[in-house]
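Note that chain A is present in both complexes that follow, paired respectively with chain B and with chain C.
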Partner chain A sequence: MMNLRNASRIGGVVATGAIAALLITGCTREGDGDAGPAEASPGITDTTLSLGISSPLSGPTAGPGSCTVAGLYTYLEAGNAAGGFEFGDGNTRTVELTYLDDVYDPAKAVSNFRQLVDDGIFAYVGALGTPTNAAILPIANEDEIPQVLLVTGATMFSSDQETNPWTFGLLPTYYSEGFAFGELLAERGEVTVAVLSQNDDYGDDYVAGFEAAIEGTDVEVVASATYEPTDPTLDGQVTELAASGADALLSAVSVTPLQVGVLTKAQSLGWLPEIFLPSNTSTPATVVIPGNGAAYPAVYTTSLSKVPVSPTFAEDEDVIAFNEAFAEYGAEIAPTYTPHCAWSYAEGAILEQAFLGMTEPTRDSFMEALHSIEDFQAPLLLDGITVNTTDPTLPAIQGLNLVQFNGTGYGPVQ
Partner chain B sequence: MKSLTRLTTNRWVRLAIGVAVAALLIVLPLISSKFVNYQLSLMAVFAVAILGLNIVMGYTGQVSLGQSAFLGLGAYIAAYGVTEGWPIPLIFLLCAVVPAIVGLIIALAAARLRGLALAMVTIALPIIGIPLAKRFREFTGGSQGTTVRWLSAPEWNEGFLENDQWRYYVVVIIAALMFLLARNLVRGRMGRAFRIVKENEAVAISIGISPYRYKVLAFTIASLFGGVAGFLYLGVVQYTSPETMSFHTSINMVAAMVIGGSASILGTIFAAIYFVLVPNLANEINPSLTALFSGAILLAVLFLVPGGVVSLPRRIAQVLRSLRRRGNAPARDAETPQNPSDGALAPTATGPKSTEKNRKRQGQ
Partner chain C sequence: MEYFIQLVIEGLATGSIYGALALAIVLVNRATGLINFAQGGMAVLSTFVAYALFDAGAPLALAILGAIVFAFALGAVLERVIVRPFERGDPDTAVVVTIGLFVLLGGVAAFFFGYEPRQFPSFFGLETLNIAGVFVSLRSIGTIVVLALVVVLLQVLFRGTKLGLAMRAVADNPVSASLSGLPVSWLLMIGWGLASVLGVIAGVLVAPQLFVSPGMLDFVLVYALAAAILGGLDSPQGAVIAAWFIGVIENLAGAYIDIVGNDLKIAVPFVVMIIILIVRPQGLFGRKVVVRV
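== the complex of A and B ==
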């Protein structure tokens, strides 16, 4: 009796499992969109093109992250409102941008990338972040999806085009920033320099660029120190460097409060060298003015874009257009301005150039067009900084302007 | 409702559910997109990490806010092993053993502390881990991290399983084994000891259980699970960087564990699903406000089911009962005194038995 009941129960169990299995196997995995060779790539029709981006929109990096979306979104939506974008194949298309938040987490960025590809994006553009983009890089290249105009200063995204032909950076690297400082000093003749840098590859890239520029010149590094981003204060390092009495200080510090501390400490010790600040910690309102930068003979930094919030550029045509469009489309995404808003706006214009050169609605044609832009003056970029993409091993924007602090903001080097 | 309870405690029904779930887990990756498979694999990865956390926090009652450091350590060991071309079984072994040893050494000192002091020590792990990972660049790849192409579908399987499907199976099988291990562990002698240490250390000492030794043990096991999760993480994400260790990940895992159900194996699975799905859900609502929506979802779950998602069926039964009682209040008044014991039922491990006892008490 007992056995019989057990047997029928086992039968029930097996039946349930079998039914579940059958139900599921009835469906099959969809094809991965392997269309014929001359067919259009996914994400593009005769009237639309869809792009995707995943950036940190919450968490500690939310400010710059939101701006990488907001600037691009502003440019694209303004273009759509004006009738759409012209393409090299004769069609005019509306460009849609889908954006997702990855909180600067590589695993989440990969997840977002997969989701965007699932949703059928044509290309992945303008994402912020070194680790997040590094995690996506192998997948994008394996699946042959453009991962382009990335907002990061790391060299790895453009340098190895043989392995990663589908990946391409937007901004000048940390290396070129350091190089620009070195060049300026090399023109001066005999100068002694103290170097303070972050103890990681960001700091190393910076110093490597600087050293490459001063090699064989009369510029001499007489003292150097490193720090950890988690250090509470850099007073010790500054005191040590001040003892060298160097003429110039390259302060490659990427943490805003620490950079302010460096500026106040050096002058309290009576050491007043010329100061070189990296572009990401040189904002007048948050770094140079609180650090009383006016006390130093000169404070330099690099810049590549006009500052839409600064009175210096209030009459500039690009800035007026940007401010108008941004208030309408971008302000909701990025409530506070960082330079990334301007950069990603310019990135929209670079994409537009690439669309113009696209003769076929394919990713191959897009990549080819993107790598054929020469001497393009993108909106909001400073005069003299142009976009050149013909050397794929360098990011789209390579030029940098050196600027000097003038008491309220930055002006030309005197 | 009662018949439903009886149904879920019937072992044949349970077996049938188990078989159906297993069938689903086996077939699902074959019909899903790469995105879905990635999500499922990621759930398995974090399920193992949260399972470790649950052993030290849920079962043994010790605060640990450093689980992401062990996850990162495991991922880094795996990444180094892959770039050096070590055999996979060796990498797996190292990913389990090295974090366990590190965890043991830390626990030997930290387990002497209690409550907030212990929490502080564990917070320090990701805080120290990130700059260390950036500094030892030869091993870790610095802040740019290490990218690998690893755990691809083997050649003999050409044309059958794709990479994402192969990775899913490898990860889910290892995760399932880890769950089996954990289940046996918490149901056995050691699990009972953990629970006594959690409830009352004085009682534990009085019956010859050293709280210190068991805390160290729980912490070591949690580190081992963290390390294995790191191995799986590298298999799924194919990349690791200092961000893997971030404190943010740790605190999110703790929140997910509480939401899924503390001191519950099944709750850990809910926790992993929550951990992976909620950011996606928040992204669907509004990508600019994900933090807000994740927070709102967290609060809603804690408010509606304070015992975690795993207590949801019990919670529904409770609400239904009280509704029914309100419906014919005078006739059923006699049952009211028993009500508190329903709410205070211990989680799964003792759940079914107590329910049975209750039924008897109610004369059924």
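== the complex of A and C ==
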């Protein structure tokens, strides 16, 4: 009994001491800062930060969707394994990524987003998809939760920062891709063009960019057709367009089998225009080679990242680091490579830059830091394509290179 | 004129895709009296088997043959194990069960093969013939020929063989068929097996164009059902002709009627279909169901 009583007395002393110590530290801290430290936002402690993402991991868009998770996961896990990420407030944190499957369904994406927020994520990052992110956008901005570095080329995610200050895109817009194509043709002089586009924002952005670039030039759109992503084949559209005999075809098609169908159909009709493919359906192994793109005088697309699976980049330091880390962390999530794996890996590095600039453990501080990155050469981005986030109305990556198919992969425009 | 013919040819080729699956729907309907949504799922799963065999190094013909055997077994087993308990009950319940199966089979295919669309080689090669300025691909010709052959074979089966007669009897009135000594349960299994085989033939015919993926037939199934209903649910040639009709009308309306364009072209065959069905509820080639009182 005595012993116990002693023990409890000792305990009391320890407790009192601890409280005193807390009071003292409390006082000192308060004396340090001007306004005191900001209260930490949800999802961040002194040692951890939790992020969330919802992308299509099943369904027809599973390939690109899985890659948006796998590349980011790879970058973050490799960083965690190397000791964690340094933050601007002097702490080093491990960054956890929770990922959910939305099957490219906006309703599912919204419920995933709510679940992630309930589970206490600090920020929602890198999600793929225009319709899915568009559904989340009003909620994220209402609740002031960062919805950033989104893997979509739609202009809407960065353009209106007044209304949507918490939303921010990653990739060059479809508008800029279309514009780049138009510029290339405008240099040529008189060219006739056929345009095939998806009947939604994706297709409209492409066509708008293209038309803006050719306005007042000798480039003329002589035929155009649209399609629904659910159409089983585009043979009818291609036949219509082929009748125009245009010199070039802008094929703003986002569905892989349909894009292959366009390439095989046009040549089978004896129509061999120069082809312009969007960056997300131009992968050599899955689109251009199956569609026998070599039959055309030229196949162009835009590119912003090094291709880890291509021999051209086999000696590249970024690529070697990526391939090693990806085999360890990302390969399980995304068995097939699409460029989204490289983009989301680069996105991890952009996040790291933002962490470095974060002086307080708050979402406000994160957004400020994220919008203060200048001329950052993120890993896997092509030389000369840098990250600039100081104009929040433009996506984080704005530059893109035009490239031309060379029989096996893409090289410089001839 | 060449442009017109070209559009018609493209319409026939696209229609053949719908027709292939519509035929399978008609077969199940004739053999079991049901509309079977699981048809799409069975076709996809079996097409994946063809893909897997080919991928493992089997020659294309052998891979397709293997898939056909698999498909027959799959159809028969599904009928015996899952659908059987519902056959005697309300037909609506059975139809809902087949919808469930459709989703389930797609999930099974996704579990084993994932969602990434995979390429599948064409049995007919990729060449295109130029006939007086009109381009026709060997693949389209092949698809059309195979469809025509299947229609003929089905007619022979149902009209000219005892098996076909027995299957029709079972679909028409299982109780009487059973009383007259027909092995009803075996016949139903065979009916499902054959329908599943037709499904995989459809799958293999369209796979080079649509790629193999769990959702490859989702939208085709809608067109196929429309074709089957327009043609008359019990008429194989009706289903194929209706499918061609849908493909051709869709293309022509999209190209020639300005206000229709590409946005509305899908609606045109369905509007035509509704009008036809108002006039002829049994479909273009269907037999009127007469109930003797």
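The working rule: the second predicted complex is superposed on the first by the 376 of 414 C-alpha atoms of A that agree within 3 Å, B and C clash if a C-alpha of one lies under 4 Å from a C-alpha of the other, contacts with A are read in each partner's own complex, and residues count from 1 in each chain.
Here is the rule we use: a contact is a pair of C-beta atoms (placed from the backbone, for glycine too) under 8 Å apart; a residue touches a chain by one contact, two chains touch by 3 or more.
Everything quoted here is computed from the prediction, not taken from an experiment.
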Which superposed partner A:Ala40 touches (first chain B, second chain C, both, neither): neither
Which of chain B and chain C A:Val222 touches, first, second, both or neither: neither
Which of chain B and chain C A:Leu402 touches, first, second, both or neither: neither
Partner chain(s) touched by A:Ala243 [first = chain B, second = chain C, both, neither]: second
First (chain B), second (chain C), both or neither touched by A:Thr230: both
Touching partner for A:Gly59 - first (chain B), second (chain C), both, neither: both
Residue contacts on chain A - larger count, chain B or chain C: B
Which superposed partner A:Pro290 touches (first chain B, second chain C, both, neither): second
Partner chain(s) touched by A:Thr336 [first = chain B, second = chain C, both, neither]: second
Touched partner set for A:Gln115, first chain B, second chain C, both or neither: first
Chain A positions touched by chain B in one structure and by chain C in the second: 58-59, 199, 228, 230
Of all residues in chain B, those that touch chain A in their complex: 12, 15-16, 19-20, 22-24, 26-28, 30-35, 38-39, 42, 127, 130-131, 134-135, 137, 142-145, 147, 149, 233, 236-244, 246, 248-249, 276, 279-280, 282-283, 287-291
Chain A partner contacts - residues on chain C that touch it in the complex: 3, 6-7, 10-11, 13-14, 17, 110, 114-117, 119, 126, 128, 130, 135, 137, 206, 209-211, 213, 215, 219-220, 223, 250-251, 254-255, 261-263, 265-266
Chain C contact footprint on chain A (complex, rising order): 58-60, 62-63, 199, 225-228, 230-233, 235-237, 239-240, 243, 256-257, 260-261, 264, 268-270, 286, 290, 292, 335-336
Of chain A, residues touching chain B in the complex: 9, 12-14, 16-17, 20-21, 24-25, 27-30, 57-59, 66, 99-101, 103-108, 110-112, 114-115, 117-118, 130-132, 134-135, 137-139, 142, 154, 156, 199-202, 228-230, 332-333
